[in-house]
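Structures for review follow.
Heads up, the next two complexes both have chain A, just with different partners, chain B and then chain C.
Presenting the complex of A and B:
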């Protein structure tokens, strides 16, 4: 008889990592009503910039490069955690500027544009960082493994899960406790009303897209030491992220978090009894939940349901 | 209403003219003879993945083929004809493989198709190739089915397969690490076939499978499977996990410090999947068909030619995937020269049973293109991480080399039923 507890713990940590990936996605969909298929590419950009910060590869062979590499890995990692997402956020803002002509047009325009952007970004990554597999070095303090109840767990995985909790709480506090957050939430609820109240809607969209992209980049920096780094790494996350926000209810913050935990648990537990079905299990979960509740777990009621 | 009348004489005349035209243009394959006159270049369709799970390996595969084509053209071409190529991305997707093969044959007028890393893609391409009689070389996909139940008269398989690697590894691993094995199997054709070969050998040598965990393609999180490995405590884990899945798995095994215990047997380790990664990710024993530091004649020069041709490539030393791509084209063009024609059946016959000297293949032992299965029977190497590298790229330590006859996949030979020559369309490429 297999002890299920380690697999439940594994499922929960996986769910927290999924939640981190889905946060930025749900924010952008909620406010902009754009399904950003380039979300995965922004995830990859954040990770690749972090790689550059940690490895200092762009300055290799120069005195600055030598000085940079003499800095402790822990410090470079912390800088990577800030710089990678920031640059991904800038890339997101650039993408939002490109998206502007599609506002007010059928959603297909935005969908196609972000899909095209994903392809372009992936090719750019190949040109700048190469096609091969890369490795994000980790400080010793968060690397390695530990024993828990006779089982070996990865220290970094728990660090990443803890980091995800911190990021979720920080984003929630930002949305709930700051005036900027209130405007973003209002924008998600009724963007025209926000405009009528005198807020610059164009700037709000730019900021939200940049913020969502930065969260994608942050997820990239945190996730790639587990999943590995290659130019198409972003493709791996778009589908789970999309699925999670649909299960949680489009635009719902806590819906996305709960859905991510559910998906992680379902994958973790299916892995014990029917590993071949572990990927399929999240799609089955989607069908099961939408079958009973078409707007997702915490999605807003549509006008048709009233 | 038209006043044109169809007279009997007119009808007979039209039928005669149509017959004459059809004799000239003929069925499709003869039409291609006319289209590809002797002075025209020999056109090869490169069916390498440029996206998807095997994008990276596909790029190496293509580079190998391009170098062989460039060298052939430097020598003045083949049969006095220049060799040119067309490349279309097969996207690591079987359906795309079929579409690409159809297009390359019917629209791009390719006389030969070469390339594949993914077994499903290779199988899809070969079905189309067989329909048209186009010689196809599967360069790098190593599922035993490729030279087994999915073999075709037009298809030649240049990589070692899962059975070859398992035969080289299983017996000694049971003796050293015990009979209790767990299998991690990628849930697609190559994974299943490789695992089946391992299970057969385990049965033969007294080993047992504690559990086989099927890993869906595209899996990025292996923690669940690795927890199960810890719970079962096997002596050996035999992993048939490929491409990006394998890279993610390796990373996570290292994070859990499970690389040394249990013992890991990885069917084949493609160079492209580990190049540039830290040495600790290269745990366990794995198979390969070639290594760039083999102490054999020609290897150093081959590496130098690669580095000269691809000065900008991040991968500074060629690996097994590049090697297979190169060798495939070289042997294909060699067969055309031996046959003295580009007629597909003549080329097939020139390839079947062809013996290749060890020095020409830069391997330890002679190789043969098996006439029964069309798989290249070749030296199989077992390797592990090199703890004392001579240079940055020297990451493999070759542990042993097995002769082709010792690791021959006899099951494939039983399952392979090649189509008769007369059922294979014929044409001049």
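Presenting the complex of A and C:
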């Protein structure tokens, strides 16, 4: 019998990273009722900027570039973890400004606009960073592998999983324990009432979109050493994220987390028996779950169904 | 924004003036295209994609069912045509029939699963099924040839009784594709102006209300999905002939998204002719912008985004506004804001 444990662990790590992406996605869906098909592209933007920060490639050959590269890799990695998501968040805010004319129209328009944005961002990435496959350099402390019970585990996967858990808990605490989080949740529940209470709905949407995009960017920086970085990584990742929020139920926090773990596990375990088909398994999971529960695991009624 | 129901239709007519214009243009295209610096193969591509887009718009524009995985049925048609030629018989009509049936069966199965869903869940499931078909095409190496595609698909001659024409020449294939396109055009025109087509539009405007009136909504949704998949299959078989091969590429999310973009830019949401304009615009833009810059998709994407933001009624809507405004000396009021319920 094949020992499943490493595959289960790998699957759960993948699931935790998926959860991080899906959380930003589900926040945006909840508050804006926009399906952001460019979410994966924001993930890619975060990762590509992190690449630039770590490699300092835009300043190569200048004194600044030389000084930058003399900084320890660990410091540059931490900076990348901050700058990548921040720039992804800014890109998300820009996208939100573009989305404004579509509010009040059928949800299709938001979907279409973000689909166009995904195409544009992918082409921009090809233009700026080239078309090849790239990867992030990692600091020694979180790179490499270790032995446990006679099995080899990648250190980075554990770092990524721990990081994701911390981020998920932080987002949950932010939503549940701060007043800003309460406003966001209220906005997802009934945005008209939030406006009636005197909150600036336009600003709320801008902030939520930026926040969701920054989460996508953060997931991008953390996930890329596992998935690799190529211009169409945005499309590769937005589909699992999309599946996850639908399996979990649109707008549900824990639904998204549970669904993400489920998808990660299914991909991990299918990978053992039929590696070529592991990506396919998540679509079958989607169809199986939606066949029984049309609103996903923990879903509630949403305007997006109309 | 105007809607599909606002542009007056002539439901009784089988043939309308724009159809005659299109037919004349198609007849002249093989000589016209080289004259403006383009090439004949482009004509075949445009004819195929217009057939695909017209069928797609029955679903997208008329019924308001947003499929983001429609390339799958185009691909299924292409593979079915190729496999029929290679394993059953080198026959044109047999291949076309196989393609339409294969795409129809796939569409009917998927449609049965989809038709109880609405809105975003519907769109997502179409993506899911589209990806599954794409994945199968990539992975069933022994049948489909995997990523390399199915190569060496012949162009069997067109046989009507004892009369035979070879389609190996691009010009001949173009005329054949154009003839099929005109048949698809008239068929779609009749469908959208039939009682069935009216019900589809009622479903788009308000599905709940359509159900309360007494229509079994899911049957209509299922039927239009299947019909649209069959038309995609027909276009797919022509694509297989044109390329003399079939690739999984057309089934990808990227390509399925492109047809959505083409139809929307053309104005499929407001006009029967939207898909036609959209496809022509896309291919001409591809060749003209593509000749100027390597990043033409970037520009096409930006045009598309601007359209969605500012003019979601697309080229057809702009054209309609222009034609309608000219007789009146000054426009009295701006077009009414979007009031159509989703």
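Heads up, the rule we're going with is that the second predicted complex is superposed on the first by the 296 of 306 C-alpha atoms of A that agree within 3 Å, B and C clash if a C-alpha of one lies under 4 Å from a C-alpha of the other, contacts with A are read in each partner's own complex, and residues count from 1 in each chain.
The definition used in the following text is that a residue touches a chain if its C-beta (ideal position, glycine included) is under 8 Å from a C-beta of that chain, and two chains touch if they have at least 3 such contacts.
Small disclaimer: the values here were computed from a predicted structure and weren't measured.
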item: Superposed partners chain B and chain C on chain A - clash or fit; value: clash
item: Touching partner for A:59 - first (chain B), second (chain C), both, neither; value: neither
item: Which superposed partner A:290 touches (first chain B, second chain C, both, neither); value: second
item: Chain B versus chain C as contact partner of A:254, first or second or both or neither; value: neither
item: First (chain B), second (chain C), both or neither touched by A:243; value: second
item: First, second, both or neither for A:112, with chain B first and chain C second; value: second
item: Touched partner set for A:130, first chain B, second chain C, both or neither; value: first
item: Chain B versus chain C as contact partner of A:279, first or second or both or neither; value: both
item: Overlapping segment of chain B (options 9-17, 45-53, 81-89 or 117-125) - the one that collides with chain C in the superposed model; value: 117-125
item: Footprint overlap on chain A, comparing chain B with chain C; value: 276-277, 279-280
item: Touching residues (chain side chain A, partner chain B) in the complex; value: 2-3, 6-7, 10, 13-14, 130-135, 143-145, 151-157, 225-228, 230-232, 236, 267-268, 271-272, 275-280
item: Interfacial residue positions of chain A with respect to chain C in the complex; value: 35, 98, 101-102, 104-109, 111-113, 115-117, 119-120, 123-124, 126-127, 235, 239, 242-243, 246, 250, 276-277, 279-280, 283-284, 286-287, 290-291, 294-295, 302, 304-306
item: For the chain B and chain A complex, residues of the former touching the latter; value: 51-52, 55-56, 59, 187, 213-216, 218-221, 223-225, 227-228, 230-231, 244, 247-248, 251-252, 255-258, 272-278, 281, 314-315
item: Touching residues on chain C, where the partner in the complex is chain A; value: 66, 113, 116-121, 123-125, 127-129, 131-132, 135, 139, 207, 253-254, 257, 260-261, 264, 295, 297-298, 300-302, 304-305, 308-310, 312, 338, 342
